[in-house]
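There are structures below to look over.
Look at the two complexes coming up: chain A is in both, with chain B in one and chain C in the other.
After this line comes the complex of A and B, so read on.
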């Protein structure tokens, strides 16, 4: 008797009220968002107007951090980041797409073997990969990559010491590491395209190239938007790859990204206020670029 | 069976209690370092400390972290006021960061001042603010030059006749002509080439009041000299960018370069990473500047500090004093770590003559050579903006000097401007 009344009460309890239940279900996300995203964002905005020198010494200094923001190093870090993000998006959207299409075609044997092969680098430690790349692209004429270019009759060079080649090594490292992940995204999109569409295209006399542009590409558009969005984000937020290649020393700032600059200011120079200001400019920048990209790709248009 | 186990367990517990009663409960301390080598000295000195019945028993948990990791953790721990260790090794470039605002480190004047006359006090000023000392260094870090005698003999150069930097440059030209090998390497992403030469020449980056000195004539002259050696090939950009890179170790070890100038603590890089050069390398004082300056420069360092909020500040300070400021501690600093100790009494003492791997690698005249320069080493000026200055020297000045054609006076002016922009 008592048991039944208990379960009755539970059925009609506050948490199980049909009006409350949806909020209970979304609560974990909301709490997570408030604690891990919203609070730090607000704290960062506040800190960007402060000079912080320890737990008890916090001083409001108005816009001074922003006035000091645009130094040569900051501009250089912006350039480095923009250059990297641009090539990152170009290379990391196109190359994996081509590989995915080839892997999906019926000409490739052992496709799943290659899929896992491409994916393995994503599981490795970036620090270890960074050391291997750093030594491979070493200074000396005897370093592996310099040996290779000498075989083709080119001069050996100091790859990691110049902005152009340094950026190239970064892109190669990123491509090596993240290509497998993007291939998986693309393949899942390609596999979802109904085969009758291809058959219909063949009947209409379409070749491989026009099938790619008129069937595959429109078919994976949502996946494409997703991949480009995360690649843009990843490109602007890149940090570990650069640290793995150059460590804390960054010759002439060739590999110092905006996040690296923020880290340098915040932790190395113990200037949390200025670092917060740098972080906020990054937020505005990424938000802007992503919005433009999403508008251009018709993300906000109503589905037909 | 269960009963038997229970009895056994109970017996073990009783025994354990007796064991605990018999031995005095040691005081637990935590020590953070980024340099694993240092723990060898600490362990030795902890054992000796505990062997003395008059001392309170200590149990020190020594945790080694990567350089950046440790300093970040410390910054966060001190800023939040939680999770900091009792004792911590702080690298000289980072130390000023912890002397800002409300200082979270304990004053060490009471362990330093009584023996002031026996110490190289300029090493303590690097870790001081307003007359209060916050860190204890392990070494002087006097800069010296290592010569590869095999290459020099091949070229017919006697390194003992090199007295000035001009002599050094001239010797370099002969070495290059006779052997095709460079005289030295300049770092393109670190400060150990530029800063010692500038400092020995009488220059520095900052004044104690944070006036920027980076564009002074002495800096420009020093950079011009370094550039002139690069121009005729007697100096080359350091493989790997600095003298601590794997590439440099391998390249130097294979006998590709006639000399290198680095602080004294670089001794152990040769013994540990360049074993093939054993017996071939000889150490000598830095060449002098014809237009003045000093005999050497003191470079690098680690200030070991005690955290103010530790519940065991007093005992931590006493142990630190014993480990690093006692005669024994300083002798062991040489025997175990291969550093030039900060206590002047130990130089020339019998204890320092005990054979170790450094004497085997070089010869036992190291300290006779070192003694000749110790009387003329300038102070370095470490202020709260030193980390910013160091970053500019490593990543901008060194790179522009070694990897670009930018005129040296422009390099100095741009770097000085960058530093001025960061000071407020």
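After this line comes the complex of A and C, so read on.
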């Protein structure tokens, strides 16, 4: 007892006790996690079994929300999201990687200038930039993209009216906005690869393509995994891009994503129970796809 | 002969590669060109002819920018202020807690450390969007709806910052802590007086990333805020787009003004930013 108080005085109290200090540092995150993530996750699970009409009227209805889940609108949102997520991962993994490899090659003049420039779209608000994309792919025959296709002898189109072309516009918007970010991630990985690996490959007679597949790609594997993981998450949870092109309440439902559908159910239709069930399917989807992706990429294997 | 062949091949590749980069640069910059040129034209012209990459001296002027001051009693600047206040609050608080926790996870060994770091990683892989319903009900109970604090509440200790600072501090020598203690600092003193100055590049990168996230955030502020004057720019700009016609006179100059400050910050800080961003984010 006496000893304890002596050491307290010397060190200046409970909060500076070396055993306590680390916990003081991490305490904000623990509290944050409990309040902002753990409690809401549990609440979402519980709400998905309830009918909620206003703050006081809560009724347990078992699996009814899940039985009602697979409506036409939900399936449509699921399709929109899956289609977008697929192309998002394909395009935003591959295109920035190729650009990064070219930027890193000795053939590009002013490479650092281009690198900085490609990042600028990421600084803009998607809603703000989306205005331009909406007009560029507008319905008028004089809209820029329609003019462009007419130059190639094609008919002008209503790009945003159909799921297929709408998805294409979404991918172009996403590529425009995020390409620079992924390029920077990739470049950081490529620059960390020791140059003697390339020299060794050259001595072995490897060409550019072979060097890419046997040196660059294995060398940036951690970065690649990181980029794919955040792209999967961003793809499935997409909402803002869709609002930018179609606003919140698109009558035909073209471009409405799962998050958009959840928002519609929870805040417009006042059906928080169903919205929670929708949200949980999204959680399972994202974690599932990422888990499969991480296993395929060998993330859980011990490094040799 | 051989040498000349290689040289010519190098020239061709340089032209091709640089040319491709120029094309991509045009793709990246084109929307800004459309935005700026359209901001100079009367809204009627936009309605009639849509976007075009033309500059028409006769009808182009900066008068739309002046109209931002008068449109609905200058509400655009209310949105602007709102966005700025939220961005500054969210970034300051996020940097404070994010660096504190990231530092704690990297510098100390303690029971539960691995569990907490695993939670950080899992949370980073979770779509935040699915939590908005219970979070919103929480705000209602706490009477925090339609408040700036409500908007920043889910971002008080951003997991991506915790992760980033943890990665960054892991690369710093642990002897600094011992040295500081010997000099008579408490562990908190060591953090604020010795470590924070060393972590400046990390703070730089996280500042820009956080500003970007906050400035662009739509879903959560849209749910929390209900007073028109408190709207952020993305929400406010969204309200000017209606099925009954778009207020192009405001939309286009408003879009330009929304882009300018963050691009200016970026251009000044980009070296630190890119160096900081790539130094910690993607290792192991």
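Going forward, the second predicted complex is superposed on the first by the 292 of 304 C-alpha atoms of A that agree within 3 Å, B and C clash if a C-alpha of one lies under 4 Å from a C-alpha of the other, contacts with A are read in each partner's own complex, and residues count from 1 in each chain.
Here is the rule we use: a contact is a pair of C-beta atoms (placed from the backbone, for glycine too) under 8 Å apart; a residue touches a chain by one contact, two chains touch by 3 or more.
What you are looking at is a predicted structure, and each value in this text was computed from that prediction instead of being measured.
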Which of chain B and chain C A:135 touches, first, second, both or neither: both
Which superposed partner A:68 touches (first chain B, second chain C, both, neither): first
Contacts of A:252 with chain B and chain C, given as first, second, both or neither: first
First, second, both or neither for A:267, with chain B first and chain C second: both
Residues of chain A touched, compared between chain B and chain C (which is higher): C
First (chain B), second (chain C), both or neither touched by A:34: neither
Contacts of A:44 with chain B and chain C, given as first, second, both or neither: second
Set intersection of chain A contacts, chain C complex versus chain B complex: 55, 135, 138, 140, 143, 248, 267
Residue ranges of chain A in contact with chain C within the complex: 12, 16, 18-19, 21-26, 28-30, 32-33, 35-37, 39-41, 43-44, 47, 55, 99, 102-103, 105, 107-111, 114-129, 131-133, 135-136, 138, 140, 142-144, 176, 179-180, 184-185, 187-189, 191, 222-223, 226, 229, 233, 236-237, 239-240, 243, 247-248, 259, 262-263, 266-267, 272, 275-276, 279-280, 282-283, 286-287, 290
Residue ranges of chain A touching chain B (in the complex, touch as defined): 52-57, 64, 68, 71-73, 135, 138-140, 143, 158, 160-162, 246, 248-253, 256, 264, 267-270
Residues of chain C that touch chain A when the two form their complex: 10, 13-14, 16-18, 20-21, 24-25, 27-29, 31-32, 34-35, 38, 46, 49-53, 97, 100-101, 103-105, 107-110, 113, 116, 119-120, 123, 125-135, 137-138, 140-141, 153-154, 156-157, 159, 162, 186-188, 191, 212, 215-216, 218-219, 223, 233-234, 237-238, 241, 251-252, 254-255, 258-259, 262-263, 266-267, 270, 274, 277-279, 281-284
Footprint of chain A on chain B - complex, ascending: 67-68, 71-72, 75, 78-81, 94, 97-98, 100-104, 188-190, 237, 239-242, 246-247, 251, 387-388, 391, 394-396, 398-400, 403-404, 414, 418, 421-422, 424
